[in-house]
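See structure below.
All chains are identified by letter, namely A, B, C, D and E, in their written order; residue positions are counted from 1 within each chain.
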Amino acid sequence: QVPTIRIGHVSPRTGPLAGFAEADDFIIEGIQAAFSGGIENNGKSYNVEIISKDSQSNPNRAAEVAADLILGDEVDIIVAASTPDTVNPVSDQAEINEVPCITTDCPWQPYFFGRNGNPEAGFDFTYHFFWGLEDVIANFLDLWGGSGAAKSIAGLFPNDADGNAWGDPELGFPQPLADNGYALVDPGRYQPLNDDFSNYIAAFKEAGCEIVTGNMIPPDFATFWAQAAQQGFSPKVVTIGKALLFPSVVASLGDRGNGLTSEIWWSPDHPFSSSVNGDSAKALADGYTTATGRAWTQPIGFKHALFEVAGDVISRAADLDDPMAIVEAIKSTNMSSIVGDVNWANGPVPNVSKTPLVAGQWQKTGDALDLVITTNAQAPDIPVGGELQLLS
Amino acid sequence: MTTAFVTRSTRASRIAMIIAVLALIVLAAAPWWAGRADLRLMGEIFLYLALACLWNLMAGYAGLVSVGQQAFVGFGGYMLFALTMFGGLHPVVAILAGGVLAAIVSVPIAILVFRLRGAYFAIGTWVVAEVFRLSFAQVSSLGGGSGSSLPVDVVRSLADSRSGREALAYWLALGAAVVVIGVVYAFLRTRRGLALTAIRDSEVAASGLGIDIWRTKLEVYVVTSAFTAIIGGLIFLQKLRISPDAAFSVNDWTAFVIFIVVIGGIGTLEGPIIGTLLFFALRETLADYGTAYLIALGAVAIVVMLKAPKGVWGLIRDRFDIELFPLSYRVRTRDDHQGN
Amino acid sequence: MPDTLLALNGLDAHYGDFQALFGVDMEVHAGEVISIIGANGAGKTTLMRSITGLMRNTAEQINHLGQPIGRLRADQVAHRGIAMVPEGRQLFPSLSIEENLLVGGKVGRTGPWSLSKVYDMFPILAERKGQKSMSLSGGQQQMVAIGRALMANPDLILFDEISLGLAPVVISDIYKALPDIIGEGMTAMLVEQDISRALQVSSRVYCLQEGRVSLEGRTGDVSRDDITAAYFGVTT
Amino acid sequence: MSALLSVSDLSKSFGAVIVADETSFEVAQGAAIGILGPNGAGKTSLFNLITGAMTPNAGRITFDGADITAVPAAKRCKMGIARSFQVPQPFGGMTVFENALVGAVQGAGLSGREAEAHVLDVLEATGLMNKANVRAGSLSLLDRKRLEMARALAAKPKLLLLDEIAGGLTDAECVALIETIKNVHAAGTTIIWIEHVVHALLAVVEKLIVINFGKKIAEGAPKTIMDSPHVKEIYLGVDPHA
Amino acid sequence: MMEWTNAIVQGVLLGGLYALFAAGLSLIFGVMRLVNIAHGDLIVLAAYFGLTTSVMLGVHPFAALMVVVPLMAGLGYVLQRGLLNRTLGDDILPPLLVTFGLSVIIQNALLESYSSDPQKLSGGAIETASLQIGGLALGVLPLLTFGIAVVVIALLQWIFYATSLGRGFRAVSDNQDIAQIMGFNKAHVFGLAMALALAVTAIAGILLGIRTSFDPSVGGGRLIFGFEAVIIGGLGNLWGTLAGGVILGVAQTIGAKIDPGWQLLAGHIVFLIVLAVRPNGLFPRVDH
């Protein structure tokens, strides 16, 4: 009788965040194939069962299904990805119920400070790997530094977990921008699903901003971007987090999508490969496109890496029946995944491991828009694919 | 000679009462026989049951069809977070204090929304709940729009061991449901309950018989708001994390509750119980089917409204004329052989 | 005896649990005027609502020109040529006077009545045609209600308490117009509290009591005492 | 005898419809008064004004020495005014017993066994005992009217307003009804009764008021009023010579 | 000063969008007292129909209106006669619950068939074009939206008050029973009202889809603004609905001018203030 290790997985398969989870089935199938022979631990082979539940993009529901996985399915490890609305409630349930938890797809500040984390103490059971705001900031500064645009920046931050983190006076953009000689125009936090940005645009025009940055959801960016054109606001560089992740969103903006810039967490050009099946980033992305007919998206790599890390932890834990032993294994992780190295020993705060981040631009080649890496100062081993072009 | 006398219990209600007491004993002992997941699920069921009973009291008896009860669920949740994190209160004390604060807050709201009738009232209450959501999103010490997690220490202060906490959370939920059903039942059995039922049937006649309609409704609104906030506190004690969108979710805390009450049978005490069981039966069997589950939920709402507008209990009651909660009065006659 | 225009066979009516009519049988012949009398709540209005299709009936309970119409919807009944002047007038408050009349002509039946004919009969309405109906006096409103029903050019018209709440002089004005209306070959059923008026204009009378027909006969044949007995269930 | 109720210069209109036109009258403590008038004369409206279901445009109402013109309806019931509705307004979802109990508990302020016993007495007196457990929504019209009276009586009023409760009764029932009302009256309750069944009215009341178009057109001893040709014409709508 | 003028002008234009969201709601609420929770989702549904049509036929989204308007109108008629008519009555709960069910079904059916990817209708140059008037930049699309809102409301007002169809709407709305005995088939009249309402929804959906990107879940968020505009304006008064939309829009932009966090809050608070002062809205139809 081969014993079974259960991994619980919470993901927003329905609702507004469903885009983050669109590759779930593809990734889980691939992982299950890779683990079909079982995972070796202390000379013993374990079957891996992945139980995936839908959070409906609703934090209430995310907490509920996480509790259900922990208490009902009695999973040994719980994993989750896709924005603070999924990651945080799941981690909170894991922490209080004392189940090892690994999460990703959410900058570490909203994860750590959003959960009232204390950098001295950290958390006992919950671990996260992703990049942080300092990485985005560094990349954006790098991106803008070479652009030649005036150092006056328009900030668009919503009143949600990401927006509040990006706009936070200490942890977010304002301080580093000031340190680097940029003037930030930040009128304040708007409520997501905003129908009108005219006040913002007026303020930006007034201050002569040439660079726009922020963290927005796609409908808000689309509203803003159309209104900006109507009001005659034409910045030289527009670098927005979250909204420009998905090719479908940028494509839906038509010609106005060309030249927008964004952070890049992962791309098929990343020089990493999977630790479970050896696939390169390109192979994974192509596999997805072949299987579904859809373009690759950035969360794919991280969703894959999430299970890679879980598998690695399972193979190393001293005692799979003891949650504390699994936590010890997480702490001592040091592996290369399809999104880069994961190692919790050298994070900025306890429980956080950082993955490399670059930035780039959506550029039109022929008919298609491609996300081209234009800045890699933070991760020189990821190759640059092109040069930044100004919008106007 | 024959004397008439009045009783309120029936055979069915006496049997139901005995079964209820037995069930309660069994349920109270659940931490010893149920698994952790079952315990948590039952806890959630009890909290929804309590919300449903409260909404039913308002809409089914007082005619106040509110679409904004999430205002008080979220308020109670936020008070739990604020009072434990900044006031250093014990969570249970914080939750009760949240109920008291909600009662106070509900009075000016009532003065405003009671000016509205029917659909206007429904939408007015919804807007009030939106104002709550957007206002709490402006409070940065509670995480603003991002929300906040309940510090682990606060949760640990409930009980030292994990199983102790789980049992306590369960008992709190069970207790809340029992108290709410008990309070609603007791309320409906008193003269106020009689007044409320009278108002529901005919406001003209009720006011002609000395019932102060506005005050009676206000009492119901305030009491329901306070209890709804307490339930909200308990809910977020389980969720551990709060954010404006989650706390003031019209779907989670009002739409599903309306679904439960109306499907079960509005204006009866039995209806919310049946509705809650039906809702969770649906959810537990279908929720893994994603969109299909939600589509099925929508379809159930439509079909029940078309086929049984009085809800499931309405069907049963019309067919068998039974009442499990002895609310009505029965006049009986007895042959009195003793004379006098 | 002329043809049977309308026949009721054991008509019942319910409001929820409450039964308002119990097996009412009635016959109306083309060209006659029938009075329905009875105390408050006897079921007169309910009877008219049933005939016009506003209450649920079984098909056979109501026959119009030999066809069962009990299950037809009210608008279908209207298209067959049955119109009503409802109790309490019930004009459409958001419609002007002329619009109220036009709505009456919705069924599009041809016949002697038209907007101008109605204005001829009640000239005051022509003067006020653009006003909202609620600005009229009670008697003028009653004229609109009658005109509205006539606009349908029905062959059976039901009047429910047309004199209710009207000053005596207005009532006599309205009753003066009645022969003109009925004179056009229309059949009419008249519910009226004012018994003597009712008996003056009608050829036959039915008395309802507690949802049942308690008296039926030719106006000439029934005595005042018969009526009082049937009316209240008591003899004075 | 002092006046229990006095109405002075009471006026009320709805647009062009005048339902009360400077009406004034007094009702002595312990009196029984009948009100007559054609349909739509404003009789029910007068009750609505007295009970507070309508607010007057002008005029004053005093009850038991207090000015109640601005007192809300619910309070007036507690002060001792109860009515029956011409169009019955039963609490349809409640039983007959519970309907009357509302009167006893809310109106009369009784509670517990005392309230129950009082309601049973009232049901006995109004002949509704055998229907005590029936849902009021399913009662026949006659029983609804009985219930209207029972509920009003259960409130132990000082002033009882009855709106057309005799219509449609059989002889025997009518006699029983008259008996009941007489008993209530004998027990000291002041009564105002609107009724089209004149003979029933005459068996109880000692004074009649006639209303037409909201105006009081006659007031006096029943016999004088009934013999007045003017009243006969207006009220019965019959030409007395026909 | 200029900034405040700009805020007000932009608010007025935003109000046009809200009025368009609300016009259909106002119509059906006025005619049959139906509170349609699914209205926002129907707007999104129309946007998706517009997307499919313009992609399949390769036409401009405005041209897609030729298909989407009749499609939505037909859907409205069928929905009303097949489903919603059976829920109408004195009780507001059955229609509330049924349209809630409908809303859930539409959202998830869209998710199944179109995925959750944000979509946008590409309106071409009109999306970014603007007019300079007295130092203010007015977007052509918002202006057009406002203009269309005015035209739609004028048209509805005309239908409502000057045609026999509108007479039927008002008659049935005033008194269903009497309208029926005058020969109106209530079910059919209500069906037509819903058809008209959803035809307007089609226009609103397409304009929304050009203005911003949409996914199956965005409908509910806008619903409340629609209700607010209807109620501020007063029951059954279509110009009032436009005024309600504008009041809401201006309150939002002025609120945002003070602090972006207050944008939505300001709209809601103005709504509550209006109700506190005038519980029947600002311009109720005064004939009852």
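Quick note on the criterion: a contact is a pair of C-beta atoms (placed from the backbone, for glycine too) under 8 Å apart; a residue touches a chain by one contact, two chains touch by 3 or more.
Each chain and its UniProt protein: B = Amino acid/amide ABC transporter membrane protein 2 (HAAT family); C = Amino acid/amide ABC transporter ATP-binding protein 2 (HAAT family); D = Amino acid/amide ABC transporter ATP-binding protein 1 (HAAT family); E = Amino acid/amide ABC transporter membrane protein 1 (HAAT family).
All values derive from a computational prediction rather than experimental measurement.
*Asks:* Just to be sure I understand: going only through chains that touch, what's the smallest number of steps from chain A to chain D?
*Replies:* The distance in steps between these two chains is 2.
*Asks:* Consider the two chain pairs A-B and C-E; indicate the one with the greater count of contacting C-beta pairs.
*Replies:* More C-beta contacts join the chains of A-B.
*Asks:* Take the average of all CA coordinates in chain B, do the same for chain E, and state the distance between these two points in whole angstrom.
*Replies:* One centre to the other, that is 33 Å.
*Asks:* For chain A and chain C, what's the span in angstrom between their mean Cα positions?
*Replies:* Averaging C-alpha atoms per chain gives centres 75 Å apart.
*Asks:* If you average the CA atoms of chain A and of chain E, how far apart do the two points sit, in angstrom?
*Replies:* The mean C-alpha positions of chain A and chain E differ by 36 Å.
*Asks:* Would you mind pulling out the distance in Å between where the CA atoms of chain B average out and where those of chain D do?
*Replies:* 42
*Asks:* What are the residue numbers in chain E that touch two or more other chains?
*Replies:* Those would be 108, 111, 261, 264.
*Asks:* Among the residues of chain B, pick out those that touch two or more other chains and give their numbers.
*Replies:* 134, 137-138, 291, 294
*Asks:* Give me the residues of chain A that touch two or more other chains.
*Replies:* Correct list: 14, 159, 189, 191.
*Asks:* Let me know each pair of chains that touch one another.
*Replies:* Pairs flagged as touching, ordered by label: A-B, A-E, B-D, B-E, C-D, C-E.
*Asks:* Given the complex with chain A, which residues does chain E contribute to the contact?
*Replies:* By the definition above, chain E touches chain A via 3, 6-7, 10-11, 14, 17, 108, 111, 115-120, 122, 127-130, 132, 137-142, 211-215, 217-218, 221-222, 249, 252-253, 256-257, 259-261, 263-264.
*Asks:* Which residues of chain E touch chain B in their complex?
*Replies:* My answer: residues 29, 33, 35, 83, 86-87, 91-94, 96-98, 100-105, 107-109, 111-112, 224, 227-228, 231, 261-262, 264-265, 268-269, 271-272, 275-276, 279.
*Asks:* What residues on chain D touch chain B, complex-wise?
*Replies:* Those in contact with chain B are residues 51-53, 72-75, 77-78, 82-83, 85, 89-95, 97-98, 101-103, 105-107, 111, 116, 120, 123, 129, 132-133, 151, 155.
*Asks:* Mind listing the chain C positions that touch chain D in their complex?
*Replies:* My answer: residues 16-20, 39-42, 134-138, 161, 164-168, 193-197, 209-210, 232-236.
*Asks:* Residues of chain E touching chain C in their complex?
*Replies:* 164, 167-168, 170-171, 173-175, 177-186, 236, 285, 287-288
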